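First chain A sits with chain B, and in the next complex the same chain sits with chain C.
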Partner chain A sequence: MAVTTAQPTRPSSGAPPTPGGRRSRGARSGIHGSGWTPYLFLAPFLVLFITFVAVPALLGIWISLHDWDFLLPNKPFVGAQNYTDLIDSGAPQFQPFWNGMKATGIFVLISVPFLVTLPLLLAIVLNRKFPGRTFFRAVFFAPFVLGVAVVGLMWRYLLDPSFGMVNGLLGALGLPSDTAWTTEQPWAWISLAAVTIWWTIGFNAVIYLAGLADIPAEHYEAADIDGATAWQKLRYITIPGLRPVLIFIVVTTVLASANMFGQSYLITKGGPGDSTRTAIMEIADLGLSQYRMGQASAMSYVLAVCLALIALLNFWLLREKKS
Partner chain B sequence: MTNTQPHSPLTPNPVTRRTILSGAFGLAGLAGLAACGSGSSGVPGQAPAVSAGGGATGYSGPKVALQFWNGFTGGDGPFMKRLVDQFNSEHPNIAVSMNTMQWADYYAKLPAAVTAGKGPDIGIMHVDSVATNAARNVIQPLDDVASALKLSESDFAPVPWKAGIYNGKRYSIPLDVHPLGFFYNKTVMEKGGLDPEKPPMTADDYMAALEQLKSKGIQGHWATPFPFTGSMSVQSLIWQFGGNLFSEDAKQVLWADDPGVKALTWFQDLVTKGYSQGKIAQDADIIALQNGKTAFNWNGIWTINTLKEKSGLDWGVAPLPNIGGTKAAWAGSHQFILPTSRTPDENKQTAARVFLNWISQKSLEWAKGGQVPARNSVRESAEFKALKDQETLATQIDYLHFPPAVAGIGDAIPEFEKALNQAVLGGQDPKKVLSDAAGRATKILEANAKKYGG
Partner chain C sequence: MKRRNGPLFWVGMGLLSLVFIGPLLLVLLTAFKSQSESRTVPPTYFPSEPSLRAFDVLFFQDAASPVARWFLNSLMAATLQALLVLVVCSLAGYALARMEFRGKNVIFTVIILTLFLPGFIFLMPNFLILDKLGWLDQIWALVVPGAAGAFGVFFMRQFFMGMPKELEESARLDGAGPFRTWWSIVLPNAKPALVTLGVLSYLNNWNDFIWPIYVLFSPERLTLPAGLSRLQGAYSIDYPVVMAGAMLAAIPVLALYVFVQRYVIEGVASSGVKG
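Showing the complex of A and B:
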């Protein structure tokens, strides 16, 4: 038994089939209230969603068509210029924006593979029965409760090339102790990815653990009877059984990595040069520090569209292939 | 060194993975923030002309409560608090309450609060933010205060006094200046065979001293690639070499001209010639000075208090050495401002002006917090001269430099800082990175000129 089976009878995916026509029967009999009932229950969330997501998102489109500074009386309409500027190499925001997009892309590419695979391995280990299991689950999840400011500041000190503890320990072990963890590439990227993995590994691991608990133990028993190896069980039972969880993790991890801001803002300050200035950093700088909210909104929409396309691509790649 | 950030960096938003599970959230947040300010009246009304002598004749109206916001979160905070308490006890009908926050938060919050009609009555602003906030109607003109309180250029050091003028109107009253200075570790100098009482003050002496230290295995001057205080050091050098960052009207970026290239090359050479450890991180230079790893550091006057707290450290401070030929040093300045009010209350306006005048005369107390008073009467007083370290740096007052008073000038400086970082960390050619940065900054200045109608 490699897996705990807290709820052995739960199906591997999807909710139990709801009987068809239940809603219409309820509406007819009046027992389940009027047809408005579901909307009333949804209303509290809907209000929040409209106020804080839908309206700002639509207003953002409006802002992106203007030269917008909320304090200036004059907010001239510029049409699509904030968007065309992003593909015009002569415009001031062209280089910073695409440099930011490149940095964001690099961070996604180097962090997501580890953020998807390492928590899976961790979850498989933590899913075994051994003394102190709960303790270790807590230990690995613990960094995630820290805020980005704490994580960033702490690692900035630990990774300091001249006085940091990391180089100090390496030196004490007789290893090279002059690695410029935060001020030279590729070390800066490696540091940022490693810090992010350390910080968030527990979150993805917990989701994997929940997914592992959903895989029926009978599948593994049957595989054992057929003489399957550990690798075959992972490949043909665990991973297919985790597909819905995997899709969720890949999509949210890509989005989270693409929104990386705090780590490079605090640890590398966007450097060396501007190599770790991410798109979000550029957008925040332009919108909230230079007060060019129209241009910042346009950048946000371009970034959002890119991320939406990548999310769709992930869904398509991880879709259930019907034979 | 948290108390004197010259530029308003963007707020470090605590973005966590939990809050950014969807790309739309970041987007909505940004748009939402913009939406906060898009109320019916984006522009707060200008304050009416204030009667009652603009504060010079005191305030005798009913009791008023004033909000005073600032960013003195460092060692200077308690000094300001003491001044406010003293003011309150001397003025029974004015109650000033002080609200201190991080500068970055302050600069983000103030415009929003002013727009919402919830701004403070009095505030502090770094001199390079005054023009931008004046153009954005966040702060009100203070010509009436200056004339009613009979403040004039002769009362203040000319440099910080002129820096408070935007478009021909005065928007701020200087409180202090905080120049860059030359700090040195006497123990390290002695170890390197230098006279600790005679810090090198000319280019040749400085290089000879660094060479001497190098021969004893000491990297004498760590060159930091970060704005604090690498950018301030190279800016000082540009002025010393006879150049400037911007033309007077801030239409042109001049830092890629010959003096700029010389300045950045000199700074970069500290690393390439082995006088500095390479690839250092933020603040490592000043930590190295305190740990006895390096002998020299150019840092802000606020460092006086940092070093004083370090027991057993034998240090000294001098004006910046003259490397380029012309005496010059970077400086920032805290200035008093009165935020615009949507519903101006005449009593409060008067009381705020009384506070401004009173505190500007008391800036000696403030100098003890580690600053140079802007007011001549205070700076030339015997009491200030008794503050030896501050007094040493105050001798630079007539050749200090600030960025031009042009709206949005702070948007262009980060490009300069990128070039510095690329040269010092990346070892790239100073001329190339400076001209690339100047190209980007010129475009930003052009966009600003259009935006602010400059």
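Showing the complex of A and C:
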């Protein structure tokens, strides 16, 4: 580190420690009090933060107010037109955008219920005391450390309608072995949701497990004495005890599913037709392949506002109900 | 809670483990098949004549798909980003945890608020900023923008706030300045947090997909995930080759995971409870 402190904080040799060994006066206002030091510590992060987070968040709005074609020298100001085009059924972007929003909406609706409930069941099982518990936890979490590229490519092969091993295994069990997992609906949606569950179930399960560890065991013991059933314990102890964790999981899982991109990019390639072409695929393709950045930015802000509203709605629905 | 786990429980756990591990094993086995065997109906599970052909094609046969280069690019980008995140976030996190200064609350609040911004709104503007910096199609496009995330700062701040202050105070009484204290007292005591944050950043960067496929163009600059997705087009899907490539991307992170799974899982768990 070339940078040293501008004003070295001298040990306050004159001030004896307060009786009882409690903290000296300087400690209350932090270890290192004054001057430029805090700003020097913050500077490297703030430079990156301003350049790649704060400025872009505003620059995106600026771009969305222009007919911003990356490859053309002129980027005329068009006001809110990129936004109004999204609600004008005659505009060329109307249909692809709402097709993408619909695909994203469908994926959220079919994946989130499973991504919220299945990891909870898994966590409840893993919360029991049994030998090998941490091993199984590690196994179920393992797919999550893989990237979407690996997950997408491997499942595209395993789910291949003609020679894929999923159909092969189903055939070996005497079940229909000609399901068009990636090329027909509703199978394509089912495949994408199932792959996403396989990939991320361990993530939510680990968060639930941390929450379960905070529920006092006495509550369950008391319920056992009262003769409560497993369902009653789940309904009246586990779920209320997990409320903050549950809110976190619902909100983050909705956002994660709404960000779905790689799975349909690699497994269904947006098909069959455009049915699994999600909003993010539409935005990335329009903005970063066709370089129509003004329109793509407008779409990204509309999607962001929709997601913010849904997150608020979730907070409101899951809030503590006062009776 | 006190019930004994019967045989049914263990059969269930075994089957469930197979659901998570089995697909990876099937894919690994496919990498050793011939192209024709990868397309037989019904499929075979074990290669009838195991061969290294797919790896030979992957590494040596196609100059347009320099897989070894992609592997190195991924390694470099992930390592550099993890280091950058550790330095930048442990400095900033320390200032926010231990120092008093004007604007502290405003800065912290703004950083935390950006945690709630979805990543996709940054696609277009960051592409333009990288273009202005001349970083498109460069490794810096993969390393630097992603290091500016709020999570790392928040994570390090939380850890530092939970650390006892006594060591730092005695260092100060010994005449150490803030940077000396940070470097030789605070960081060595923050090892668990640094490992967790470093590994999470590394995994994130290694696995990133949407960003590298759009900001990299030259075949020799691609990362492994970005390159593999192009491989799919290049070979009219020679599946053993694509599966070998997928395993090449999977095995390093799975190996890392085996060694540090405690840190990964605890890092994830803490993100939910504290967040």
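Note that in this section the second predicted complex is superposed on the first by the 270 of 323 C-alpha atoms of A that agree within 3 Å, B and C clash if a C-alpha of one lies under 4 Å from a C-alpha of the other, contacts with A are read in each partner's own complex, and residues count from 1 in each chain.
Methods note: contacts are C-beta pairs under 8 Å (C-beta built on N, C-alpha and C of every residue); 3 or more make two chains touch, one makes a residue touch a chain.
These numbers come from a predicted model, not from an experiment.
S.K.: What is the contact status of A:73 with respect to chain B (first) and chain C (second): first, second, both, or neither?
M.R.: first
S.K.: Mind working out whether A:171 is in touch with chain B, chain C, both or neither, as first, second, both or neither?
M.R.: The answer is second: A:171 touches chain C but not chain B.
S.K.: Kindly classify A:163 by the partners it touches after superposition: chain B alone (first), chain C alone (second), both, or neither?
M.R.: both
S.K.: Have a look at where A:130 lands relative to chain B and chain C in the superposition and call it first, second, both or neither.
M.R.: Once the two structures are laid over each other on A, A:130 reaches chain C alone.
S.K.: After the superposition on A, what does A:293 contact: first (chain B), second (chain C), both or neither?
M.R.: In the superposed model, A:293 contacts both chain B and chain C.
S.K.: After the superposition on A, what does A:83 contact: first (chain B), second (chain C), both or neither?
M.R.: neither
S.K.: Answer with first, second, both or neither: which of chain B and chain C does A:98 touch in the superposed model?
M.R.: After superposing on A, A:98 lies clear of both chain B and chain C.
S.K.: Using the superposition described at the top, determine whether chain B or chain C touches more residues of chain A.
M.R.: Result: the larger residue contact count on chain A belongs to C.
S.K.: In the overlaid three-chain picture, which partner chain does A:149 touch, first (chain B) or second (chain C), both, or neither?
M.R.: In the superposed model, A:149 contacts both chain B and chain C.
S.K.: Looking at A:138, would you say it contacts chain B, chain C, both, or neither? Reply first, second, both or neither.
M.R.: second
S.K.: Based on the A-chain superposition described above, do chain B and chain C contact any of the same residues on chain A, and if so which?
M.R.: In chain A, residues 52-53, 55-57, 59-60, 63, 70, 147-149, 156, 162-164, 203, 255, 258-259, 261-262, 265-266, 280, 283-284, 287-289, 293, 296-297, 300-301, 303-304, 307-308, 311 are touched by chain B and also by chain C.
S.K.: Which bits of chain B are touching chain A when the two form their complex?
M.R.: My answer: residues 8-17, 20-38, 42-43, 108, 111, 115, 136-138, 225-226, 277-282, 284, 287-288, 291, 293, 408, 411, 414, 418, 421-422, 425-426, 428, 440, 443-444, 446-447, 451-452.
S.K.: Quick one: in the complex, what on chain A touches chain C?
M.R.: Those in contact with chain C are residues 1, 3-5, 8-11, 23-24, 27, 29-34, 37-39, 41-42, 44-46, 48-49, 51-57, 59-60, 63, 70, 125, 128-130, 132, 136-143, 145-150, 152-158, 162-165, 168, 171-172, 177, 198, 202-203, 206-207, 209-211, 214, 217, 220, 224, 245, 248-249, 255, 258-259, 261-262, 265-266, 280, 283-284, 287-289, 293, 296-297, 300-301, 303-304, 307-308, 311.
S.K.: Considering the complex alone, what residue numbers of chain C touch chain A?
M.R.: It is residues 1, 5, 9, 13, 16-17, 19-21, 23-24, 26-27, 30, 38-43, 45, 87-89, 91-92, 94-96, 98-101, 104, 107, 110-111, 114, 116-129, 131, 144-145, 147-150, 153, 165, 168-169, 172-175, 177-179, 181-183, 203, 206-210, 214, 224-226, 228-229, 232, 239, 242-243, 245-246, 249-250, 253-254, 256-257, 261, 264-265, 268-273, 275 of chain C that touch chain A.
S.K.: Hey, which residues of chain A end up touching chain B in the complex?
M.R.: Residue list for chain A touching chain B: 52-53, 55-57, 59-60, 63, 67-73, 91-92, 95-96, 144, 147-149, 156, 159-164, 180, 182-184, 200, 203, 252, 255-256, 258-259, 261-262, 265-266, 269, 271-274, 280, 283-285, 287-293, 296-297, 300-301, 303-304, 307-308, 311.
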